[in-house]
Amino acid sequence: MTPQQKPVILSAPDPRSIDMIFTDAAKAELFRRYEVIEVSPDEVPGLPGPVLCRVDYVLGQPPIPAPTLAQMPRLKAVLNVESNLFPNMPYDELFRRGIHTLTTGAVFAEPVAEIGLAFALDLLRGVIDADRAFTEGRELWGFEGNREARLLSGADVGLIGFGDLGRAMRRVLEGFRTRIRVYDPWLPPSLIRDHGCQPAALDEVLGGSDVVFCVASVTGENEGFLGASHFARMRKGAAFILLSRAGVVNFDDLMAAVRSGHILAASDVFPQEPLPSDHPVRTLRGFLRSAHRAGALDVVMKRMGDMVLEDMALMDRGLPPQRCKRAERETASRMRSKPVDKT
Amino acid sequence: MTPQQKPVILSAPDPRSIDMIFTDAAKAELFRRYEVIEVSPDEVPGLPGPVLCRVDYVLGQPPIPAPTLAQMPRLKAVLNVESNLFPNMPYDELFRRGIHTLTTGAVFAEPVAEIGLAFALDLLRGVIDADRAFTEGRELWGFEGNREARLLSGADVGLIGFGDLGRAMRRVLEGFRTRIRVYDPWLPPSLIRDHGCQPAALDEVLGGSDVVFCVASVTGENEGFLGASHFARMRKGAAFILLSRAGVVNFDDLMAAVRSGHILAASDVFPQEPLPSDHPVRTLRGFLRSAHRAGALDVVMKRMGDMVLEDMALMDRGLPPQRCKRAERETASRMRSKPVDKT
Amino acid sequence: MTPQQKPVILSAPDPRSIDMIFTDAAKAELFRRYEVIEVSPDEVPGLPGPVLCRVDYVLGQPPIPAPTLAQMPRLKAVLNVESNLFPNMPYDELFRRGIHTLTTGAVFAEPVAEIGLAFALDLLRGVIDADRAFTEGRELWGFEGNREARLLSGADVGLIGFGDLGRAMRRVLEGFRTRIRVYDPWLPPSLIRDHGCQPAALDEVLGGSDVVFCVASVTGENEGFLGASHFARMRKGAAFILLSRAGVVNFDDLMAAVRSGHILAASDVFPQEPLPSDHPVRTLRGFLRSAHRAGALDVVMKRMGDMVLEDMALMDRGLPPQRCKRAERETASRMRSKPVDKT
Amino acid sequence: MTPQQKPVILSAPDPRSIDMIFTDAAKAELFRRYEVIEVSPDEVPGLPGPVLCRVDYVLGQPPIPAPTLAQMPRLKAVLNVESNLFPNMPYDELFRRGIHTLTTGAVFAEPVAEIGLAFALDLLRGVIDADRAFTEGRELWGFEGNREARLLSGADVGLIGFGDLGRAMRRVLEGFRTRIRVYDPWLPPSLIRDHGCQPAALDEVLGGSDVVFCVASVTGENEGFLGASHFARMRKGAAFILLSRAGVVNFDDLMAAVRSGHILAASDVFPQEPLPSDHPVRTLRGFLRSAHRAGALDVVMKRMGDMVLEDMALMDRGLPPQRCKRAERETASRMRSKPVDKT
């Protein structure tokens, strides 16, 4: 195959880079299989027709104005390597033409679920406070150090949201014989049951759980949807673990519920990132903090490149992509929020 | 049934108490089904023959001299509600007569495995340091906070010991797709394989794992058997999680291996408990500390009573006990070490 | 809500009927939630504009000529309750407009996988011949009756195809500790690995398995793709279980491979259905026969109605369907073969 | 090590032979590790003291009169490679001395569970009759051939007995999402729950199941314990699968229940083996027959040798055996029934 016969990728993965999302081996495969035209995102609208007309894939989510898109007759997919969609290309036209918009955010599900489980165990068993007390020579031994401790095994668990992350949470909970209730209004109840969980109303999830994992995406509709009345409904001493987006909760209400001693909480996401140095959550007892670190591992980013290569291999052969998540016509517009985070 | 026809329990569960190991419901059942003679342990040797000759079960491990035992013709089992055996009764004669010595330490497997998993995740992901940094306003966001972070999913895990606790560790790891190597010279390799793990030599377990859980009992033979040369064999940056008995390791060597930066460690057990206030482990970076709290939960202790009731129900009917662990003639003497802990 | 405000279903589910695919409870819900206009398929092209313009869903796959479709501005989905797509509507236009073509064939995966496992066990253990021998008073007892018997537990299993049916096969094999190799060129290898199976070339699957389950759909490209050379590659005495479509194999070659004693086989599907009364497969030893009965259970058909109701509930709210399988733009045309069967 | 220093095995495994239960590799290991004295069982009582006093293990269950046993001071275990215990040695003295009586019947659990699952699926789906009808040109296609067919997935399953075989049944059922009720009066309920099953009374198991697997051993107490009234309690059309011993049921009552059309049945065991050629079960419709073939596979017998080698390796080192099942003092006498079968 001569270079010009290889499928063509227009690469503008900012704020990622090719080196960030491809291992050395994957990068070598990328350049062996494809002609890769590397540009900065803002160059895309100005690319000449003879270039655009050869493009099979766009890697990244650069602005693609309608006239630019119209000059890309071969385009099969936009491989968006962030987790959110920017409103910088005509999605309706992409859907109309059957050009896939693919996202690779599923790579974050596993690492986030892992640390989410760690947060839950740390809160239920008082791991962090006990270590700190030990450091300071005021540790309590045996039973005396376990006055508030509870088991996760056999506990009632609630999941708010059951996308990739919710399903990954269920997997890491497999060894714990928990009863899992799921609230996800975007899914058919039987699909939740197929995963061994119980579909439930939001109130049941909040009121019937020892640990609630909030793993819902922010949409235009659920901005701040969990507030004081929701936290009040939770069991005394239950743990609320926030893993998706700070925007889903009223953060002040969450802090108040922890401050009052009603619940415990952990969060990887915050209303502002970075957070002001005097933000009260920094010293709030019963609140475990993580600076948007749950998914952002180098080894995890590299899986994006693998996903992209696998799906392009299918599309090269005229087959539909199966590895990345496809944006949906019905929900793409709801997911277009500007991300607040660096992952 | 008149009271005198009920089976008779001689109860001396110190340092536990009936209220500590039975729920209210279980306690009611205990007294409904049995005649319970409550004594202090040191009273047992002096009990009169007419009492001894009616005893079906001993609850606890009071001293039982041979002449006392000889006056208990109906005795079916000593239900030892601690984890170790004291050399205060003639075990050989118990075995000869078929009197079961039953221990309830299996109740600790689940809570210890849970916190062991928490320790592993906390070390691999830097959870505790990240929270502390956040408190102090010096947190690193996203990737920058994850320079050393690693996933547990897909990692190589080693287990030293595969009794109840080792098997409970395997269960809580179920959702993580780990490869688990097990060193347990007391077990047939095929039994380890039946649990989906790989039997391996100690060196393979140490050298081939990202996380090593040490869950072996102390016996006369393995006192301090893990030392500097063993820790040196571990992978750079691997985590060593000590959950069973401090006596299994050379604690100074373990601290040295952590201090040098070669490995990370967590421990629930210590050479002295409580530990001197100036012990260097208190401030050792890379070492997560827990003051013998892993198993000592009230809810866990109550399961001992349930186990005891279930096994007595079988023995009442002439059947062998199935729920508690039976001391083995071959190994009872090896397990008789005085416990260093309060669980 | 007045009747005219309910969403409107144009129902033409032939050869199914509403009573065949909905339980009584589901049917009641269908009529409560929707206005159902019941027509015969051939009436659809002639329906007047004022009816067509109110239609939200088509139930069934009646002919929908382009001009008819053009008069259905509200149409959200064609809920095809068969397993194949007829070329009787302009699929390109459906895709362009974002009208989902949904199929409910996934309901068959579980019952077909169950009977597929039964076929495999029956062949490996000689169940059917042994029962027949018993009836005829010529049974062999114990070892003598097991000369050819083999275990499925721990065996090498091959799957050709890994859609819903292949995944259901994997599930029913869960308790058997088999090593499963999968050949499915339409899927990314990592997705197969995520299910705990090994992606493999067709030759590896055929040559490395004790049992091969053929669960691939027929497409224009794989018609009769498994022939004499493939069966020759199989292990001596291995079992070939055909569960999807007879068209995938050269049936004469399959029979020849069984007749020669090289392999055993079972099939639920045949080149002609019903099969001529003198077809040689009827009396072929080593070949287990099932008259296209694997999926066709009444209780299974009723699940179609449940799936349809769940996905319409989502689409009613502007959300994408999640329960039924969506036809894909890339592969719809390949799947349009006229079905040979009654399921 | 010189030959005389090797541990000594007195080998009299009749009706097995060393070649029947050891693979070539295992046999080589056996002779490398041990001095093997091969005798016929009836020679054992007459062996001279100088031979007996060197014996560490007995392989098989030859008669061992008390005076013979008294001359074997080193004896650690009797490795009985059948499934039942003959009353031909002083078991009480074996227990008193701590000599293990080990049985290897657990090897049969997996193959018997496999075929038990095949029987269940065959009965629920009519596999055998459908194949026979096909042979005879009177098959019914699709739905018409499935009038009585039912799914195992999601069904209610009952287990009578939860020893090795019951647990193996549970394992092969893993992929079927069944609800499993277990009746086993020899086990504590919580142990049954630990395996994900529901402990239940016999009536609940019989009356609440779509399939009942009878996997209980025969003891002196349960001879023929399942009779007409029990089968009458079963659900109409349910399947009763007899896998352990014919003696557990009243076989005439079982046949009557099938003949009346109330239940279906399958059995691997019969009141007489071989069975008279005119026994009515041979032609009973709705009854699937297997001539005691469920466990008797060559590959399975070879696992006995592996088990024996693993446990002797532990006992050689003074450790308790872990692989074979130990006879229990309380129940040994109940299990001593003369076996009716060849396995």
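Every chain is named by a letter (A, B, C and D) in the order it is written, and numbering of its residues begins at 1.
The rule is short, and it goes like this: a contact is a pair of C-beta atoms (placed from the backbone, for glycine too) under 8 Å apart; a residue touches a chain by one contact, two chains touch by 3 or more.
Predicted model only: the values in this text are computed from it and were never measured.
Student: Counting one step for each move to a touching chain, how far apart are chain A and chain D?
Tutor: Contact-graph shortest path, chain A to chain D, evaluates to 2.
Student: As a test of understanding: of all chains, whose mean C-alpha position lies farthest from that of chain C?
Tutor: The chain farthest from chain C, judged by C-alpha centres, is B.
Student: So how far apart, in whole Å, are chain B and chain D when each is placed at the average of its C-alpha atoms?
Tutor: 34
Student: Taking the mean of the CA coordinates per chain, how far is chain A from chain B in Å?
Tutor: 38
Student: Which integer distance in Å separates the CA centroid of chain B from that of chain C?
Tutor: About 51 Å, centre to centre.
Student: Residues of chain B that contact two or more other chains, please.
Tutor: Residues of chain B never touch two or more of the other chains.
Student: May I ask you to sort the chain touch graph into line, ring, star, complete or other?
Tutor: Contact pattern: a closed ring, each chain touching exactly two others.
Student: Which pairs of chains touch each other in this structure?
Tutor: The list of touching pairs comes to A-B, A-C, B-D, C-D.
Student: Which positions of chain C touch chain D when the two form their complex?
Tutor: Touching chain D from chain C are residues 110-111, 114-115, 117-119, 121-122, 125-128, 130-135, 137, 139-143, 145-146, 149-153, 171-176, 273-274, 277, 282-283, 288-293, 296-300, 341-343.
Student: Along chain A, where are the residues that touch chain C in the complex?
Tutor: 95-98, 186-191, 306-307, 310-311, 313-314, 318-320, 322-323, 328-331
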